[in-house]
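Chain IDs A, B, C and D follow the sequence of writing; residue 1 opens each chain.
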Amino acid sequence: MTDSAQLTGVVPPLVTPLTPEYDVDTASLARLIEYQLTGGVGGVFVLGTSGEGTFLTDEQRQVVLETTMAEVSGQVPVLAGVIDTSTARAGAHLSAALKAGVDGLVATAPFYAATHPAEIERHFVRLASLAEDTPLYAYDIPSRAGVKLPAWLMISLGERGVIAGVKDSSGQETSLRRLVLDRRDAGLSGFAIMTGSEVTVDSSLAFGVDGVVPGLGNVDPAGYVRLYGAAASGDAAAARAEQDRLIRLFEIIDVPDRSRMGASSAALGAFKAGLYLLGVIACPVTAYPSIPLDDAEIEAIRPLLDRAGLH
Amino acid sequence: MTDSAQLTGVVPPLVTPLTPEYDVDTASLARLIEYQLTGGVGGVFVLGTSGEGTFLTDEQRQVVLETTMAEVSGQVPVLAGVIDTSTARAGAHLSAALKAGVDGLVATAPFYAATHPAEIERHFVRLASLAEDTPLYAYDIPSRAGVKLPAWLMISLGERGVIAGVKDSSGQETSLRRLVLDRRDAGLSGFAIMTGSEVTVDSSLAFGVDGVVPGLGNVDPAGYVRLYGAAASGDAAAARAEQDRLIRLFEIIDVPDRSRMGASSAALGAFKAGLYLLGVIACPVTAYPSIPLDDAEIEAIRPLLDRAGLH
Amino acid sequence: MTDSAQLTGVVPPLVTPLTPEYDVDTASLARLIEYQLTGGVGGVFVLGTSGEGTFLTDEQRQVVLETTMAEVSGQVPVLAGVIDTSTARAGAHLSAALKAGVDGLVATAPFYAATHPAEIERHFVRLASLAEDTPLYAYDIPSRAGVKLPAWLMISLGERGVIAGVKDSSGQETSLRRLVLDRRDAGLSGFAIMTGSEVTVDSSLAFGVDGVVPGLGNVDPAGYVRLYGAAASGDAAAARAEQDRLIRLFEIIDVPDRSRMGASSAALGAFKAGLYLLGVIACPVTAYPSIPLDDAEIEAIRPLLDRAGLH
Amino acid sequence: MTDSAQLTGVVPPLVTPLTPEYDVDTASLARLIEYQLTGGVGGVFVLGTSGEGTFLTDEQRQVVLETTMAEVSGQVPVLAGVIDTSTARAGAHLSAALKAGVDGLVATAPFYAATHPAEIERHFVRLASLAEDTPLYAYDIPSRAGVKLPAWLMISLGERGVIAGVKDSSGQETSLRRLVLDRRDAGLSGFAIMTGSEVTVDSSLAFGVDGVVPGLGNVDPAGYVRLYGAAASGDAAAARAEQDRLIRLFEIIDVPDRSRMGASSAALGAFKAGLYLLGVIACPVTAYPSIPLDDAEIEAIRPLLDRAGLH
């Protein structure tokens, strides 16, 4: 991917397979990447929210980056999350990712401290100057970062060449659609708008979004690639049918018992359990201190995979 | 402070003075510590929320730790924040703080990812095992960490010797009071309960809280020491009068224009501006990407210092 | 509309035109209804959120009902909101609406008190028994009623014949889509799912929603009718173009200065100002104690009407 | 109570006893009032949140008003809630309450629609003009009304004679304390500040609040009267001991199973169950559609009454 290439298609946010001792399982990560490439994805995104990037040490992050770059080996672009509480701390991750040779960088607003749009703007401007020619994408995830990235700021940063696009995980379809219109009216080219929602992809593609970064794509990359292909070729009925199937598959995240684990652990644990049942990764554990799924929960995911035609 | 000593009194969460180039200003930090010790504080807490710990690089954190340990030189206990998104990342900060020789460690729940009490429990248990004999305190700050630490979990962790107490910045007086009763009914000794509120200190001390960790104590340590002393000696009227004066002084955080900066920047910027006007620190800038107070805002803080009798 | 007829198409939630003295302006209401019927709407919904039903006295509600029934005169179905804090109070509105001869009833969850799904269920069951053969619709508006109606409860109430459908103003596209799938999988017929969103209509119709209840439809009923028609005939591009035009028209709600009025006043005031500028209603005032738009704000709406082709 | 009398002391917000058929149980209401007067309360407040005022029909409200005025018979002031969605609807309740001869009126901000402080101001100004010489109190309950009443607005309305005080059920001790200071600095006399919190009464009285409106006071009016008396006579230790006992008694609201009923039903159901077990009221049912406590839950409350010394 060159500087001017616009991100499109299916770019799953890869989970980070771990060993029972909470080390990065590089063999499983390699298999996961192979599974994604076979599925036809247009890129991969590591160290994002699904990648448990905020759980990993700097050393573990380095292992993920190196393993991924080696396995992908230029076949598709690799994006890396540089998500941290402040510009300085995200900047340190950014430098490491650049050195590893990634094709794109993905940053949220700073968090923990309460920030203002003018501060978020400074954050992205500084990160972009560190990123030099490597595209920087803004990651809008208010449920985690505590703040919604304003559309006007995204467009303004795009016009100035600070960011190359947005990954929208806000779950707010109306603001996403307005962002698409704002991009059109601003005549902004080379600015990617990707949805992070697993369940509204056909709709979003229909109103002008460029692609999708679905956590569930870890489990069924080929399904999202078919969905994207159907939408791209104008077959709305096929896209809808594929989306409806994936909505039902997404119910795997409701299997884990949320009276004993957090929402993040439940969703990521379900994705990992799915990959474990499919033989892609060796161990479904999520990062410490997350509570792992128990055997019964893992087994309860199997019929949902079957129903979705995954074996 | 030894393992068995219980935290009490006034323990301000020190701001981290910065140069205009965003380096740690060690000379100003030394003066701030001197100002605190002269004010009579019972301890200092560095790298907390007021200390902008989540904004600093590992190297900057190291400078803060070393400067503080050297300046305090054993006169009072030094607590260090080890606040980060996950157990592994907080654990790395914890190891650095231990090596620097701090007397206590302060950790929030993990954040960014959504966590469950059972996961928070695992977080503190692991950190405590890393901390060995150095006391670990739980820092309850739902506005930043996104979750309220349940009282039953705090008591349970106290009973098992995992944590040595709680710093409560929840702003929920009713739950704080219930925590005090739960401690009493559990017969839990050596378990400190400190309030992080600037403005309810006399009330909290009256119902059994042990001390206070007030951000505003940066600006007026002697005021909080007088307040604590009055409460400790049973002079409720004097405590209330001091508290009322400090409530008015706390209005400095409303001076900065929140239409152009975040709530964190406004509060910390006001504390730093106060210290700058008092000649304690050389530069009032807050950590990047925070918007700094402008000259007019800094000057508008001066009359509020005067009204409070600070010169 | 008979008991078995399913609600579809465009059913605008009519504003309630008021005089400068805050009486119901029946002449303006008659013109508004005429404007809607000329626009081709499939029904009208009075005394909803857009109708300021919760602001009006029982006497004013009666005037709205009688005027509407007389003007519509059976040309399209008339739905009436029976929105109030409790079952007993909503039930009183329901009896009045039934007596006026409306074709359908629309109720939210009870509010002010915090309720549980089991209590919401009892609420709808009781109201349905009062409604007898007149269809009852559940109105899902968490921003106002403080609670999201669970999909499983809606489906269950549908299966038991308690409710005839849902108006979804939750703004949560993912849950709306899942509700559509749940209806399909439950084999539930005669159960209408309507979106209350002004700006995602083409998407929602594409994934199976039956119709739309758009506040903005007060101002441009013909636009929504064209959008619905394009979608119904499978012309996705025309539907999208119409939706995009309406998204831009919807920006009239951002014209009023929200530093001096509430979000409800701003949106409803903008709709009324649009109708006033179009000559449909005589006075744009919103219900007391809402702050009305001033002359400059009203005039600033005119160019947005022009841009959308409304004169 | 005359126009100039300031509200002080213990003024419980009375529950509304109901029959199993959901009629107002006037005999039980009479016994409840007798129980309160025997307990020494300084006033009673009917048709508030605890009184389920928003659940009752106009006819039921009238029964409550008439029964209360007859039973109290001038021994203490009677306040009546006039809580509804809009000025017009609250105004209708206000007229009925005035006609019944109440001594004070209590109104929240309008709700359901999202309001602005300028609209809340208009609401209180209009209600005050309807109330004529009867004092109007502002009821600050953001958890139910969806908005926090700003301190500056309360003080301003007090200075203009619009409101005679505030009942604060915000649970925000810091803003409550600042309101007390603002009243002092404004030199505002005849303006009552009452806390609606059951569990911070001694603290609030110590910093200048005038009295308390505790839902739990239904069950133990004498306890709150002793608490108030101790605080008024400067015996902080006795006040704290009484408060601590009442905090434990307040745990009755945690007895009902919140997986099957709402938070409002749980709290009010617990109060009513307590009164039922104490022989004050004949039936513990809460207003429809609230889920009532089952027999086991009612029995589980008995030991908590015993522990608190209530028989």
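To be clear about the criterion, contacts are C-beta pairs under 8 Å (C-beta built on N, C-alpha and C of every residue); 3 or more make two chains touch, one makes a residue touch a chain.
Quick caveat: nothing in here was measured; it's all calculated off a predicted structure.
With contact taken as defined at the outset, there is no chain that touches chain C as well as chain D. Taking the CA centroid of chain B as reference, the farthest chain centroid is that of C. Comparing the contact residues of chain A and chain C by number shows a mostly shared set, over half of all numbers used being common to the two copies.
Centroid to centroid, with C-alpha atoms defining each point, chain A and chain D lie 50 Å apart.
Each chain gets one centre point, the mean of its Cα atoms, and the points for chain B and chain D are 36 Å apart.
Touching of two or more other chains is recorded for no residue of chain C. By the definition given earlier, chain contacts exist for A-B, A-C, B-D, C-D. Residues 22, 49, 52, 54-57, 60, 83-89, 92, 110-116, 118-123, 126, 143-146, 258, 260-265, 287-291 of chain B are the ones that touch chain A when the two sit in their complex.
Every residue of chain C that touches chain A in the complex is listed here, in rising order: 171-174, 177-178, 181, 197, 199-200, 202-203, 206-207, 236, 240, 243-244, 247-248.
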